[in-house]
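A, B, C and D label the chains in the order they appear, each numbered from 1.
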Amino acid sequence: MTVTNGYEQSDREQKLDFINVNDLEKEAEKIIPKGGFGYIRGGSEDEWTLRENTLAFNHAQIIPRALTDMENPSTDTEAFGLHFKTPLMMAPTAAQGLAHAKGETDTARGVAAAGALMAQSTYSSTSIADTAAAANGAPQFFQLYMSKDWDFNHHLLDEAKKAGIKGIILTLDAPVDGFREDDMRNHFQFPIPMANLTEYSEGDGAGKGIGEIYAAAAQKIGPKDIERIAEYTDLPVIAKGIMSPEDALKAIGAGAAGVYVSNHGGRQLNGGPASFDVLPSIAAAVNHQVPIIFDSGVRRGSHVFKALASGADLVAFGRPAIYGLALGGAEGVQGVFEHLNAELKIDMQLAGTKTIADVQHAKLAHFPA
Amino acid sequence: MTVTNGYEQSDREQKLDFINVNDLEKEAEKIIPKGGFGYIRGGSEDEWTLRENTLAFNHAQIIPRALTDMENPSTDTEAFGLHFKTPLMMAPTAAQGLAHAKGETDTARGVAAAGALMAQSTYSSTSIADTAAAANGAPQFFQLYMSKDWDFNHHLLDEAKKAGIKGIILTLDAPVDGFREDDMRNHFQFPIPMANLTEYSEGDGAGKGIGEIYAAAAQKIGPKDIERIAEYTDLPVIAKGIMSPEDALKAIGAGAAGVYVSNHGGRQLNGGPASFDVLPSIAAAVNHQVPIIFDSGVRRGSHVFKALASGADLVAFGRPAIYGLALGGAEGVQGVFEHLNAELKIDMQLAGTKTIADVQHAKLAHFPA
Amino acid sequence: MTVTNGYEQSDREQKLDFINVNDLEKEAEKIIPKGGFGYIRGGSEDEWTLRENTLAFNHAQIIPRALTDMENPSTDTEAFGLHFKTPLMMAPTAAQGLAHAKGETDTARGVAAAGALMAQSTYSSTSIADTAAAANGAPQFFQLYMSKDWDFNHHLLDEAKKAGIKGIILTLDAPVDGFREDDMRNHFQFPIPMANLTEYSEGDGAGKGIGEIYAAAAQKIGPKDIERIAEYTDLPVIAKGIMSPEDALKAIGAGAAGVYVSNHGGRQLNGGPASFDVLPSIAAAVNHQVPIIFDSGVRRGSHVFKALASGADLVAFGRPAIYGLALGGAEGVQGVFEHLNAELKIDMQLAGTKTIADVQHAKLAHFPA
Amino acid sequence: MTVTNGYEQSDREQKLDFINVNDLEKEAEKIIPKGGFGYIRGGSEDEWTLRENTLAFNHAQIIPRALTDMENPSTDTEAFGLHFKTPLMMAPTAAQGLAHAKGETDTARGVAAAGALMAQSTYSSTSIADTAAAANGAPQFFQLYMSKDWDFNHHLLDEAKKAGIKGIILTLDAPVDGFREDDMRNHFQFPIPMANLTEYSEGDGAGKGIGEIYAAAAQKIGPKDIERIAEYTDLPVIAKGIMSPEDALKAIGAGAAGVYVSNHGGRQLNGGPASFDVLPSIAAAVNHQVPIIFDSGVRRGSHVFKALASGADLVAFGRPAIYGLALGGAEGVQGVFEHLNAELKIDMQLAGTKTIADVQHAKLAHFPA
């Protein structure tokens, strides 16, 4: 165990033995300090949207297919001109030092080993450069919480470019922080410095509540910001937090190279729909102009399948990977990805879908009618 | 603590520290005597409608919006020619002396401090004049439980006029009292005099069951009563307890200056629909001829948002404020209003709505389809 | 307490003090022996239909109405050419000696005092004549479980005629007994003789399981039986156990003077629909050609209202009255009727319906849409 | 008790006294060793589909019918040119030695005594010949888990032919094993040899996990395999694991003599629809070209009725029979069949359906609409 500013960080590095990723949450709760665990697990208000995110996958069903004459389905896929061994992706998740002393560097190692796409968060515990280096050449995206201070934004984007980042995810659904009651009950303040803030002038984030962190973030974010970042970086910009067809088209109109459907894992606007429920209408509007990333509530291979079949190209998740990180470091993260991918592969075989493209063409059922 | 007729009234005056208004109910239950608490919290029969009032908000969802290029949403709004700092409103709620020794005068102070509209009840523990004076000039409405005795009605309306009341809310959904089982189990009788009754000849209400109180109330209420009161007072008359488009139009036809959609917080007709469920059809019928006030089941900023987006102009609630009153007096009430308004503001930012008018134009989702 | 064949029968005669009829079930369970209680309360198989009978009332909602200019609603009504003080009716319920030593004679007294219609069961613990005499001139119907032995049927019908019975309810949904698991677990046998059987040659029913009782009942029942009974008695014949428009029309075609919509209180076919769910389509088909009686799951005044508004003319129930009988004899039964009628009256006032005919014209809401 | 490889097998042979088949599960759990019970009871992942299989029967309701002028309904039926005393069928279920020392031979005896159709599994604990012999001439089907090794397939089919098997059920929904978490938690390995494997060269199955067993199974199964098996055996081939109209037609197009609608009792693809939910659309597509067998979730006579009324010709189940086997051997199995058939007969009488063909023409209700 590593103690940083009085906060006890896991430093386990081990292969995990587990049955499903839901089990990991209970195990992780035992070793992540209460405040950190609350921050990671919690959603906003009474968590209706958080719960609905996962329950909504039951609104659709995968149709088992027979006589498909296939075997050995492959989860290899391609998106944003990059190849991956799995459509699973690491959602940009802040402050992973809360779960593990190695933080994002271990996550990056685990994700890379699983052949998946890693997204770094602005509020990472380790720096853009360090996290990128840990991936050993595997592609990464960088997620930007846009600051009011464009010098800081430019600094972050410069760092991302330098580190070989392949795409910028611009978070659009967090102009204010969601009303997260666990953090309030725990009087939670970030005990671990945020490396990208430390590097720059504006303080390191440690000892701040999430409200203060957000206070430095830009609230007014518009289409012009997508253009500006795309121009500045010459990297694909993915608009994250899209929950309506209108906004998806607005983002694409402003030059977004990808649409990221997410309600921030139920951590922002409570009382909004499950991300899975809005995905089909967004996919219909996007109509393959750009790739779609999806997250929120994914806990099973069947959830991944349903999201792909509803229009997603990559399916991201955060919490399960963070639990794996706490319990096993890089190997723990890798194990979570490989576990969900193994579940997905079973579903693919049973649904008669040999490739991710086949999954994307599968028709789902919707019972009861 | 103040003891009146053997009943222990809170006299706390303090700022409250709380996470959400649902938590307040549990705290308030500890300090409000059982009979009083049952009267405040309870609904009719097995409380299906009471529960459905809040659950029904899940029938619609707020769509998070991105790229809205906005910040600092404002909850300032206008209705009935009056300005408010919030669309939240204090529902007319009887016998607040059950919760606090200062009763409605403290509520009035708290509501005024929050910049919201206060509605006094006929069955208040403090008099129209005293409650009005406590508001220090902030606008108030007066809610009339119409008596069979028109002299008494005139007396009340005269008092209201004298006190500078800006509108009369005529309650239409309580010609008999709902079948409230908590009151029966507790053999509840009002221990605290009702000031407006004391002033007049018909007894002060203390020591009476709710059935006896209602016995003096008019059962036959028709369109002509709206006309009569409007004429007598020359004040806007708002028809309260409207649950159908037909009755909304009937009220407007009779000269109502506002429609108040409410099922009396699930305290009258059990087995009727949630107020939120009927709101859209009523708003469509009213079609902006007069403002719409909404109450029943509101416990979250997101509920306020959804009611506004479904056609309401002001969104009222009672119980949470009464709990705040019991726990903190005027400051407690103010805190409840400010808390819900803060939740609303977060929702407004995340839904890309800069003004209350924007909220009223927001489209809600309805999943599962 | 009276002990008959080792079975302990209540002989309480008292006015009951209770909040709602659901509470009575728990009280009755304390004084009715286990086997008898299981027989009275139980439904068939896993009781899905029994539970759904009551839950289905939530599928529709009563719309509170305002500005109706009415007071003092009246529950007086008329059906089958008879006047009643209430649309509530005593469903034909077997073996009431299980609940009370006075059995059906006390029920008859209580129902008559409430101004309601009483229906006797073939399998009553007291005889047709005795039960009729107890009503002191108030109208009663007699329910026939048709025997394979037409001499017995004629005997029963003769007795009914002699006793002044005003209508024959022919039960159509019990050609075999439902699969009632409580009775099986309790190895239940009727401890109390069935008076109408005792009088005749075929044994008195005591010491028999329900299966044996049914074995003597006719299984093949067709339209011709309605005709035959109507001709033989010259009394109105009401077809009981109708759950489809087709069968309602078939019954009317065969001369039925009334249609009785019921699934036998969830005691026969489990996995069938709630009676309330099928009522509207049956009422539409019947189209006022004959009166409709409804039962199954009625526990609240609002259930009565909803059934009336869905097409019923009389609304029957059994279990709550039997619980009242056990706890208070005739006064207990009367209290249950008056309680539900009082709940109904509140609903009528709040829904702006002055008469039962008004209730029958009220439109219900159906949320969520 | 018999101990095989350290595993304790029941050897009870007795008539069972039970109220419903759900009760049997709890009793069986007491005598089947944990690993075996987990294998028998469990479904895949979090068992949503397993639970939904049974819950989905509530999506439709049987309409009680009156005035039907019938009695003594008969469950005799015919399918695949064979006569049965009941439409109930024994689903092919592996490794019944887990439940009883006599395994499939006892099941065969019990099923034959009930006049039902027995299906043997490839992975039976007793051999094709022994299980067939136990049936004493009653018809049996043989279910083939197609091996990658066609010599083995031919050997099995030869054995089936030799044993007088009347039809081949080709399982199509198990090219990989479902993700069964109970088996993982229990580190379950088959303790009992699989007789059909023992006879052949590929090992006897004992000491293997289910994953290893499946590894020998063919993954690529296509229409040509149906043709090949039909040609080789000259027996009707029934395609098992059909969950869509498309695949039903594909199977028929390839020469399938029957369609077996099943999601493998919720043991394969979790997150797929309940079998009952997809049955009507498949039946519509099949349109009586070939018989339809249905299984998944059947626990009540009413479930059997609803499946028949939705298009099934035979209705199979596995777990309840296996519980009966563990608790009572052949007589236990027979008792389970006769119990469900008795429940079905009650439903048939109450629904006015005299024959299985009548049941198949009955219209179901679907509330709430």
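Everything that follows uses one rule, which is that a contact is a pair of C-beta atoms (placed from the backbone, for glycine too) under 8 Å apart; a residue touches a chain by one contact, two chains touch by 3 or more.
The model shown is predicted, which means the values in this text are computed figures rather than measured ones.
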Shared interface partners, meaning chains that touch subunit A and subunit B: none
Co-neighbours of subunit D and subunit C - touch as defined: none
Chain copies touching (subunit A, subunit D) - same or different residues, decided at half shared: different
For subunit A paired with subunit C, centre-to-centre distance based on mean C-alpha positions, whole Å: 60
Centroid spacing, where centroids are CA-atom means, of subunit B and subunit C in whole angstrom: 42
Subunit C-facing residues of subunit D, complex: 19-20, 22, 57-58, 61-72, 300-303, 305-306, 343, 346-347, 349-351, 365, 367-368
Of all residues in subunit B, those that touch subunit C in their complex: 45-46, 48-49, 56, 59, 172-173, 175-179, 181, 184-185, 219-226, 239, 241-244, 247, 250-251, 254, 263, 268-274, 277-278
